[in-house]
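Dropping the structure in here first, questions after.
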Amino acid sequence: MAVLTYIQAVNQALKEEMEQNEKVFVLGEDVGKRGGVFLATSGLYDQFGEKRVIDTPLAESAIAGVGIGAAMYGMRPVAEMQFADFIMPAVNQIISEAARIRYRSNNDWNCPITIRAPYGGGVHGALYHSQSIEAIFANQPGLKIVMPSSPYDVKGLLKAAIRDDDPVLFLEHKRAYRLLKEEVPEEDYTVPIGKANTVREGDDVTVITYGLCVHFTKQAAEKLEQEGINTEILDLRTVYPLDQQTIIDAASKTGKVLLVTEDNKEGSIIGEVSAIISEHCLFDLDAPIHRLAGPEVPAMPYAPPLEKEFMINAEKIEQAIRDLAEF
Amino acid sequence: MAVLTYIQAVNQALKEEMEQNEKVFVLGEDVGKRGGVFLATSGLYDQFGEKRVIDTPLAESAIAGVGIGAAMYGMRPVAEMQFADFIMPAVNQIISEAARIRYRSNNDWNCPITIRAPYGGGVHGALYHSQSIEAIFANQPGLKIVMPSSPYDVKGLLKAAIRDDDPVLFLEHKRAYRLLKEEVPEEDYTVPIGKANTVREGDDVTVITYGLCVHFTKQAAEKLEQEGINTEILDLRTVYPLDQQTIIDAASKTGKVLLVTEDNKEGSIIGEVSAIISEHCLFDLDAPIHRLAGPEVPAMPYAPPLEKEFMINAEKIEQAIRDLAEF
Amino acid sequence: MVNQNYALENDKDTLLAMYREMLLARRIDERMWLLNRSGSIPFVVSCQGQEVMQIAASFALNKERDYVLPYYRDLGVVIHFGMTTREIFLQAYAKGEDPNSGGRQMPSHFSQKKNRIVTGSSPVTTQVPHAAGFALAAKMENNPAVSFVTLGEGSSNQGDFHEGLNFAGVHKLPVIFMVENNKYAISVPLNKQVACENISDRAIGYGIKGIKVDGNEAIEVYEAVKEAHERALNGEGATLIEAVSYRLTPHSSDDDDMTYRTKDEVTNEKSKDGLERFKNFLFEKGYLTETINDDLESEIKKEINDATEYAEDAPYADVSTINNYVYGEKGDH
Amino acid sequence: MVNQNYALENDKDTLLAMYREMLLARRIDERMWLLNRSGSIPFVVSCQGQEVMQIAASFALNKERDYVLPYYRDLGVVIHFGMTTREIFLQAYAKGEDPNSGGRQMPSHFSQKKNRIVTGSSPVTTQVPHAAGFALAAKMENNPAVSFVTLGEGSSNQGDFHEGLNFAGVHKLPVIFMVENNKYAISVPLNKQVACENISDRAIGYGIKGIKVDGNEAIEVYEAVKEAHERALNGEGATLIEAVSYRLTPHSSDDDDMTYRTKDEVTNEKSKDGLERFKNFLFEKGYLTETINDDLESEIKKEINDATEYAEDAPYADVSTINNYVYGEKGDH
């Protein structure tokens, strides 16, 4: 097995799916010769040509909308939004169209599009190259939102997304692109969409999180183990719709729940996780459900000390777990 | 005091603010001669002329974007989205621009725009003329979202929104437009943005809700009173950012909390309300936090039986309160 | 005006077939208003004044191959592409058997996959990039199909119009964009929507062909679409057609158009009604006679009566179906 | 080419003032790259190749009244409108004293209210409707101010371009839209962005004036903007100006342009550099001499050295300020 970075896993999944199914094609800004500004589509232009690796005009609503049309026709488009922050002009196409096509046509039409977008901070990206945008879409039945936390998951989930018969928003943490590496099987595999994943067993505190925060939580958990605090970590993987039963089980197991997101707190998807827990297993809880999140500001500043202040890291998580353990 | 409908209260607030401050103007589709498709701007064109009551081209991103420009200049634009469902093309302008202007300019610029939009179902509007859209925006610091539940509140909150120095999304329930009537003072008054309102005192069950559901909850509470069940009703009024302290107080008071929204459940703003409660007063609860909401489908169907199935009504709320009271 | 060299002009059968569809569209629409005013159906949005351009354009397409993305006024387009009168009434009554949406969407939100009528929504102009997407897919697959999409002139001011046409221009896609300019966007008259002389002039900004036609002249519309269709199939790219007529009814059954336009204006425009004009043309040509016309009218009336009755009696979808088809059964693999 | 009848051509003082600002912009930009490559600042996005059009356009505006909505390459515009060299370096270093954003935004997200430089964001083209909004407000208030907004040619394919220009056209607003066509949108060459011959031809679709100029020719740009400004003030509405040049640097300090274009192409375009051309023109006119030029260069160097030092030493905003200014202090009333 080769060791791949998170971004290499994206690239490999795309390449393999394009090889296996000629209905799969990619479109977006700079995905062609340039191979994408993060190199997610590196090499694909040379291998598959400009007909299947399409550099689009700078227009996100068209990237989504043209992709949606092609998907209804029967293709498997993978649309790239250069940064998740720039998905906003495409919200109408994604929410009003992609998410509603199957339901509104009473199952006559469907829309198997995958929309990839790099989100998240910690890369000197400031307000508009750092945002978490999942909450904007996490209330739209018909849509699925996947946020992988590791190279292995990236490959398996992206393949599952491309093969899914419904629209999937696939959000990749851009700080993870080169930070995270691990062994990734060469062979074809998928990771199921809609299922959360227990990445660590423990019985003192349950942390439920997703994306890059899973990595930070693992670091924190390892340190705390030396103090005798055992952390259960649930990686949501799919943040919409949520895997309710696994969340309920994980919360009930320890009775102490920490929810972590890099997004600002109010209205973030961990609010929904909290609500599911207090709807279904309130009496199993030994402590208030605690949420660790970014501050209530529009997005993270550019100046390094302020960016650092905004970002979640292993230390903040460690402290929050310890506080809960001692509760 | 005159009895006004909900829509008349909108109209009166606009008229009075335009009389008092010539920086206030309205823009939107059909707001001119037609007076708006719901007649919110009726009479304003005749009174203030086409320069201050501007029929725009059919382009929501421009309605928001031009309004934002004028607001930065120093005007007080009130932009109308003809239906809340059609705000989607303007999401980029509202989230990336209006909500971030003050923060990103370090307080140098600000953006006092009010964006009005009729939301909600029960009017044979089907998928695209019935939606609740607040959750899409309820994660954006810099923005305020107001959803009045009565003619009195409409007038006072709309005036407060127009005078507010920051962008306010003002969502009016279109089924309430003619359904709700009450006495509304002729004089100038405002209702504070950011404060929830206890519309009924009770000590058995606390219902926290907003918009048209407040009306249904009041009906349910009156009926239940005869059974000896006393309901506390908290009207959120401002759904973003939430009035945390008042929510915590109301939940703690009875220990039994029902949250109601017309939106579909997962990812709706009542998830955040639930999270606030279990973060701050979990041990004051005597029952799981219950949520009553629409089904997890993209939006409500047109066929009358299906629309009825989707909608919240007094009976559904009554049953949910009774269940909680008996818990 | 009708050019005497057009081949279609002498094709009696086709012309009569066109007339039948136009008349059917008009009569269905009129019935809808009656049903609405008598309280049987809650909502109507009309094609009246635009049937001629819709049917004429549709006849220039290949109904066995092409994809159509109609907007809410395009009753004519969906009739030509195979939606039956019964199906049209089923959607007006929002009954479960409605092939468009099973009663989920408002009337005139057309969809029928087997006839390549692509599902549409209410937010205007979103279908324009979709049409480019269908054309892109057809081109990638070497499928000699064209996509045909319509919209109102008001809708041509949405960002999606610009982005969709530009995409089609850059990628030389086989797509035909037809703007049905009926001079109003609800209450907003043309001069408050645009400052340009011709919507069709926008084509130049996308490097595609633009053409403006009289939407009340069937043969003129037909020829323009025919040519655009040929260009599309020849790999010469997209065309923007502006077809001008007038909205003869209020915007919808919820609208009162007398608050923003005059009766005189409407009466005057009614006198230019393309359907009347086409009928007269057929009479002049000797293709249509009073007898043929009367037979047609009564045949259509019967068809509409049957459809109304059928739809009225049909059941609504069961409430238990409300949760169906949010996602497909097959999830990931 | 420079038209011999232009009045500006004989206005030595103004021409030299223009030259000074162009040179300052170029030298600041060059310094930024040095600082980036040496690890002092994390990011640069350049004006090189576009200073001439930016400064020339700005000189045609009224800097005491007009509003400018610059995009990230418009260092020239903000220099002319009063942002000091120190302030420019403060924003590059993201220091608390930076007037643009207090170090919150990435470099080149310009803003300074006292100079009517309107705050911008990263998502491209959102500023276009804002510019129409400023112009609408100015018109409503009978304020003889014009708004001037710029964007790249790639950005002219966003929906907001269409919606903003159409709004300005319908309402005859005093606004000037200048597309800085540098032939690339990151790696995407012009022919994959648009299929039209001239971006300026899009004006016809909005009923406004459109004009294309050589962006490397200062006087040509100046005259076009001057005329547009007069038209705006005369109530004749908006103008779309396309100014063509070339992006002489990679897209930004994060880009490697050799993955998508050749060194030869860049070298060839560099030989047309408008700054060199303008300098030669001033030499030919006898307005500029080696001595004047050397003095200018050393004066500018000193200014840049001072600014770099000042900005480097300036403190970041305190972390406690992160929560400030999400909302105004005065809420509702």
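So that you can tell them apart, the chains are marked A, B, C and D in the order they are listed, and the count of residues begins at 1 in each.
Everything below uses one rule, namely that a residue touches a chain if its C-beta (ideal position, glycine included) is under 8 Å from a C-beta of that chain, and two chains touch if they have at least 3 such contacts.
Just so it is clear, the model here is predicted, and its values are computed rather than measured.
A count of contacting C-beta pairs for B-D and for B-C identifies B-D as the more extensively joined pair.
Comparing mean CA positions across the assembly, the chain most remote from chain B is D.
Remark: chain A and chain C have CA centroids separated by 41 Å (rounded to whole angstrom). Taking the mean of the C-alpha atoms as each chain's centre, chain B and chain C sit 36 Å apart.
Taking each chain's centre as the average of its CA atoms, chain C and chain D sit 45 Å apart.
Residue numbers of chain B whose C-beta contacts span two or more other chains: 57, 59, 61-62, 85, 88-89, 92, 96, 100, 103-104, 127-128, 141-142, 296-298. Shared interface positions of chain D, i.e. residues touching 2 or more other chains, are given as 101-102, 104-105, 109, 121, 123, 157-160, 162-163, 166, 170, 192-194, 326. For chain A in complex with chain D, the touching residues are 29-30, 32-35, 37, 55, 57-62, 85-86, 88-89, 124-129, 295-298, 301-306, 308-310.
Contact residues on chain C toward chain D in their complex (touch as defined above): 157-163, 166, 169-170, 172, 191-197, 199, 201-202, 204-208, 237. Residue ranges on chain C touching chain A, taken from their complex, read 67, 98-102, 104-105, 109, 111-113, 118-119, 121, 123, 126, 128-138, 140, 147, 159-160, 162-164, 166-167, 170-171, 324-328, 330-333.
Listed in rising order, the residues of chain B touching chain D in the complex are 25, 51-52, 54, 56-57, 59, 61-62, 64-75, 77, 89, 92-93, 96-97, 100-110, 141-142, 144, 160-161, 163-166, 190, 192-194.
Within the complex, the chain C residues that touch chain B are 42-43, 94-96, 101, 103-106, 109, 121-124, 154-155, 157-160, 185-188, 192-194, 254-255, 259-260, 316-317, 319, 321-323, 326.
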